[in-house]
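Once you scroll down, you'll see the structures, which are given as structure tokens.
First chain A sits with chain B, and in the next complex the same chain sits with chain C.
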Partner chain A sequence: MASMRTILILAAILLLLVAVPPFLGIAWQNALVNVLIASLFALAFNLLIGQAGLLSFGHAAYFGIGAFAALHLMIAVEDGFDFPTPLLPVAGAAAGLLVGIVAGYFATMRSGVYFALVTLAIAELFHSLAPHLQGVFGGESGVSSMRMPWQGIVFGSIIEVYYLTLGWVLICGLALWTYTRTPFGRLTLALRDNEQRVRFLGYDAHAAKVIVFAISAMFSGVAGALLAISNETANYSLFATDVSAQVVLQTFVGGSTVFFGPVVGAAAFTLFSFLVSDLTRSWVFYQGLIFVLVMLFAPTGIGGVVQFHARHRRQLDRSRLAGPYALALLGGLLIAGGVVYLTETVAVLFGQGYAVRMRDAVDGLPNYDLFGISWNPVSILTWLLPLVLVAVGGVILVRARRSIAGFWDRVGRSDGPVETKAAAPGGPA
Partner chain B sequence: MEFAIISTLNGVTYGLLLFMVSAGLTLIFGMMGVLNFAHASFYMLGAYVAYAVSSIFGFWIGLIVAPIVVGLIGMAVERFLLPRVHAHGHAHELLLTFGLALIIEELIKLFFGDFPVNYQMPADLRFSAFSVFGSNYPFYRLFIGGVAVVMFAVLWLLLTRTRTGIVVRAAERLPAMAEALGHNIPMVFMFVFGTGAALAGLGGAVAGAFYPTNPNMGIELGVIVFVVVVVGGLGSLKGSLLASLLIGLFSSFAVGLDWSLAGLFGLFGLGDWARSLGGLMTLELSSVSATIPFALMLIVLLVRPAGLMGEPN
Partner chain C sequence: MKRIATTTIAAAGALVAAASAGHAEPLKIGIIESLSGSQTSTGRLYATAVEYGVDKINEAGGFNGEPVQVTEYDNAGGAPEAADKFRQAVADGVDIIFQGASSAIAGQLTEDVRKHNIRNPGKEVMFINLGGEAMELTGEKCQFYHFRFTTTAPMRVNALVNAMKEAGDLGTKAYAINQNYSWGQDVQAAVEAAAGEGGYEVVDEVLHDVNKIQDFAPFVARIKAAAPDTVFTGNWSNDLLLLMKAAGDAGLDVTFATAFLDQPGNIANAGKTALGHYIANNYDNAASESDAFPQAYKQATGHVPIFVEGHSAFALAQLQQALGTLDLGGGDIDVTKIALALEDTTYETPVGPVTVRKEDHQTIRPVVVSKVVENAKYPADDTDMGFETVKIVPAEEAIYPVQESCDMQRPEE
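Presenting the complex of A and B:
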């Protein structure tokens, strides 16, 4: 059903991905490699929640397994085993698939929240066991290896790794998309919507879920292997809960109901963390905040909101919507400014550097620097500014939302892009 | 013998602490069907609030204030945040609380730093209760267990012997019917959620003074608590008590045992062969004690998927 427009957009993105990176700096190339890996991981993860309705909190396990498998194969190649370097992710796929079958067998014994808990616990199992297994996971220091040249390609520069990653991510992305078109892909959707009926139709629901789980784990393993090839090292921290948490955040902020939604979330979060990680230590806090706000006000995520507008583009009255949307953006920016200001102020005032200065200060609290300006922590103005920002932004946003909701109500689409009154039923339960 | 007694005592006190946190979780789940991912964060929040308050007003005030503050936060979450996503199903409620857990952890890091804080028990509780085989047993461990036991006696009496308890149990079984009889069910839900959060907060305030208080304590205990509810069966208080004690005992015994699979094979004369394999074979039980609960969970899933006391879903 892919329309001409979608194909054109995808082709343009593909062209950019192929043509632009050689002209970028190494840091950017590296960031793009991470974006691609995160995108594939999120797509693989979304096969479970978006298609099968299974919410996994422990996908770090299969990501990590893929990375370690690829590294062990790389070590074997180093020792003279003849294996083409570009095919290394196959090891990650195989390991992810095998571990996915075993873990999936246990995890899919239960559905709903139990499934989430069991997957979390399986990832923790790996996380707690890995540092003690010297042979497989290299203990606490992990496993390291080198990319070996193959057929004249040295794989020494990041751009070569980038194209390798791009190729694999495109193939896997395409495979995952094709999967949704197959009869088994349809059965996966049926598992989400009405598992009992699937069982009555004569399918073995448990076996089907194990297969879906294993496929998702396999592609996660490919993503992990790509990370291992890019970093040439991995240790047990790949199994940590924050790796599992990241993919959940990215997928749902991007939108799990749209196939490419997770890619949007993964790209946005990975690029953002690359851009702001030098500026702030509170990045994870902002991520959590964004995630909760998306869950509260736009449960379908960025992808869902975009899809809503694309679907109703004929009713989109640009002249009447532009104003309220611009107003909403302004309100959002004001609130974001206030919140960032408060967060960074707290980070400075409660930080260790400030504690030292407070001890050395002669009288009262010393001033602190933020955004290139020196602030007085006991001045009313310092605290009034963010509060005013948040309050004004809040008022603007509420008004803008009301007029946007009014527009969509008049059009007859009460299931607007953002939640307005009572939430509409539906969505994966 | 000495090892067995000490390990049993440690295991039971740790198990009771686990129960203190998992009871609230399973109570809330049984009633509202909401799995509160932020529950372990409430435990951590309790420890930090108690730390902050106790550094000014003393330990006992901190112990009282912490559960109240955490309970109020829990009520606010139930009142203002959960209803917004309720219509999107339980997965969204789970995701929302998951996001909250992340925010709480990062806020703690923001205010208190990403390292353990110096939250200590008061000096007048720092004595040994008794000595067994020449080693002193700290009184505070018994204190943790004691607080848990007292709390549960109170909770149990409240649920089974008072009018409020009857309403709460009615709301758990048939919310619509109880509401039709004129009881304010949303209020009951809010208070149950608040009580569950307060219990976790109290657990954190008591245990934080003994175990390290750091921003990771929430997720570390949280994962074990989730294992407890899966093993015990979600929604069953008896099941969580059993599973808590079981996991507490298993963990505390495992720390002191240097058994390995190679040792097991040694009983059949295959010890040298197993040792030559290395890896999992020579891994000692003591070094993988953190893995025991997860292994136990997998076994329970295999044998009894509904959990020890749970009803099949």
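Presenting the complex of A and C:
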């Protein structure tokens, strides 16, 4: 049962989501719109992997279909069709549901790797077919439309789009959460745990899986429609594998075993790309690194780690844990600092700007600027610094991990908040 | 309802404008380019060329009494990401956006710019498209604040036909093999359309999947069966490379007429197979007697301009010339005035003049047709091979008529 505490936390988050954005710049408002859309998409995706145990590698198909359906409805509205702008995502839901039923019928005939491959193939089918159907998908430069005013709301500014998105994401999130509480939601879990038993109990497992798949596709379609409303355009690249891959990464980093885990992952990744992508060209590398570290050391994801602590909060001796945790954080930060330093140095030294300066330099290798300091590439100090950072960080981390593992052993939980050979949650970000 | 809202937005915009008057406002340029992902190598070249051009403007004193500011935004090769970066750029106060590495992203950006300008009168943003060659950008999607500073399929194909015919390399039988999406279809249509003028017959044509084919042998066999003299292809990246290699392996004796043979790495990868093949593009270093521009570019960036860098740098130089005719008196940046000035500017590139066609904002520009030779003046990819100019097709011969689908709304003057 949801405790009073959980309800309070959710209410506080809701209040922040409603009250804060008007005071933010449009860049932040836009980033939050993306966070919300990614969250809904990840939640819808997690219905399959987290609840039903089906790993789909082609959810871009339903996301994209939702976007195009909403856009075509928007175009109709622009041409005079009377339809309230805030209800546009209904088109995405309907399209996602329809395509989801058909695709799900075929995909769920198999499970495991074969299921993943079929979903991947279906998404690729859309991806390769879309550029040829110029009338529907608009060819290379895509379909475009404009949000029309409704009942005095112009939908011209990003903040209006934000509230529209927030409303839809909250309703859909609530619907998905309620779903997990229904008998059919329980049956979904049973499908994951033991499909054969479900069949022996007299249920039609295939039909049930098609329904779960279609519901997941429907909510993905809503997310796609929200993106279409926000961007007012869509092109066939929405069907690309990286869209499918992104939602998988977000869900796993966030934690697929916890209901709100995917939201954490989606928010983390979206904000990471918003904040870091213009600071460094290596941001995709860091993103990959974070994914690998989370998978290696905290396979239940960020959400899983948080949930573990929440579950054992009565056994937690905060005063004894705070020290080792702070130490682990320090170690992690030192290692992160060393890795970031090395990555950025390599990027600078092999970059074009440095090549020019190297040519112009009179003697030897010229210094380069990083983090506001000038470094000499042939000085030992330049290379010693990251090594020292990583080494010291490593030693601290190993020690901290040992005492954290010891603590959880004493509590009687040998599995620990993270894998016992754990690094601190959060890699070099 | 909409009108009231628009007026409110306009009034709010005017207030902001009034509040900020009195300070010289710097011109802000945003590069929304593919700086991570599979198109990075091309995106990087566009960004380098734009930054080179901005440096030139600032060396000459900037604009409006301030140095021009330039910011890079990474669109990661995707249209939705580009839409995000556009909003980021608007939040940063960017006035002019540059992009080139993909027509899909150009399509996204031109629409974003159009909508932004409808909603924010007085705070317009303009988009200079350096490489999106899809016809619809100056057709159905044409708009006043979009300028295309590159060629399109008909310009490249017409120039190839013109120059190859003169050089006696065209023959009478042509074959078209292209990627099955808007660009490849545009090239195929242009090859068909130029048949009468070029005096050739299109013996066969093929559209194939984009960058998915690993073995072009079946296609080469089909080309061989048709026995053409010239094979026209708009293919780029792997599709061009593998096609040429397969043709070389099969001992096919044809001349390839291409659009992207100068993409970095192509000549080195194709090796001797590439010799004798043609390319039509915006600019080539060997096309001009003077080596002033390549040397100046090398001085600043470490390498002579390759692939898309030359024409992108010229687009900035043309903008610089247009800015030179404007005096905003240290006041606010008026993008509409800059756009109008750019329309009236003729820039002399080393290969000939470039002007903007007012009806659709396609630039009327010369097209350079070159052929791969050994011991070239400017070797490509550290080989001894490179491009030798066959003909510079003058702007007025290369241009095609304005597309009927273009219905441009001009700002009220």
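Here is the rule we use: the second predicted complex is superposed on the first by the 405 of 429 C-alpha atoms of A that agree within 3 Å, B and C clash if a C-alpha of one lies under 4 Å from a C-alpha of the other, contacts with A are read in each partner's own complex, and residues count from 1 in each chain.
What we mean here is this: contacts are C-beta pairs under 8 Å (C-beta built on N, C-alpha and C of every residue); 3 or more make two chains touch, one makes a residue touch a chain.
This is a predicted model, so every value here is computed, not measured.
A.B. asks: I'd like to know which partner A:284 touches here: chain B for first, chain C for second, both or neither.
C.D. replies: both
A.B. asks: Name the contact category of A:356: first (chain B only), second (chain C only), both, or neither.
C.D. replies: After superposition on chain A, A:356 lies in contact with chain C alone.
A.B. asks: After lining up the shared chain so the two structures overlap, which partner does A:343 touch, if you call chain B first and chain C second: first, second, both or neither?
C.D. replies: Only chain B is touched by A:343; chain C is not.
A.B. asks: If we overlay the two complexes on their shared chain A, which of chain B and chain C does A:128 touch? Say first, second, both or neither.
C.D. replies: After superposition on chain A, A:128 lies in contact with both partners, chain B and chain C.
A.B. asks: Which partner, once the models are overlaid, touches more of chain A's residues, chain C or chain B?
C.D. replies: Touched residues of chain A are more numerous for B.
A.B. asks: Should A:136 be classified as contacting the first partner (chain B), the second (chain C), both, or neither?
C.D. replies: Only chain B is touched by A:136; chain C is not.
A.B. asks: Just chain B (first), just chain C (second), both, or neither: which does A:298 touch?
C.D. replies: Neither partner.
A.B. asks: Who does A:111 touch here: chain B (first), chain C (second), both, or neither?
C.D. replies: So A:111 only meets chain B here.
A.B. asks: Following superposition on chain A, which residues of chain A contact chain B and also contact chain C?
C.D. replies: Dual-contact residues (chain A): 128, 132, 134, 284, 352.
A.B. asks: Spell out the residues on chain A that touch chain C in their complex, using ranges where they run on.
C.D. replies: 25-27, 30-31, 34, 128, 131-132, 134, 139-142, 144, 146, 148-149, 152, 154, 156, 158, 227, 230-238, 240, 242, 273-274, 277-278, 281, 283-284, 352, 355-356, 359
A.B. asks: Under the touch definition given earlier, write down the residues of chain A that touch chain B in their complex.
C.D. replies: My answer: residues 49, 53, 55, 57, 106, 109-114, 116-118, 120-122, 124-125, 128-129, 132-136, 241, 245, 248-249, 252, 282, 284-285, 287-289, 291-292, 295-296, 299, 343, 346-347, 350-352, 419, 422-429.
A.B. asks: Which positions of chain B touch chain A when the two form their complex?
C.D. replies: The contact residues of chain B facing chain A are 29, 35, 81, 84-92, 94-96, 98-100, 102-103, 106-107, 109-113, 219, 223, 226-227, 229-230, 234, 278-280, 283, 287-288, 290-291, 293-295, 297-298, 301-302, 305, 313.
A.B. asks: Could you list, by residue number, the parts of chain C that touch chain A in their complex?
C.D. replies: 1-2, 5, 9, 35-37, 44, 48, 71-74, 76, 78-80, 83-84, 87-88, 90-92, 103-104, 106-108, 110-112, 115, 118-119, 132, 134, 136-137, 141, 180-183, 209-210, 212, 300-303
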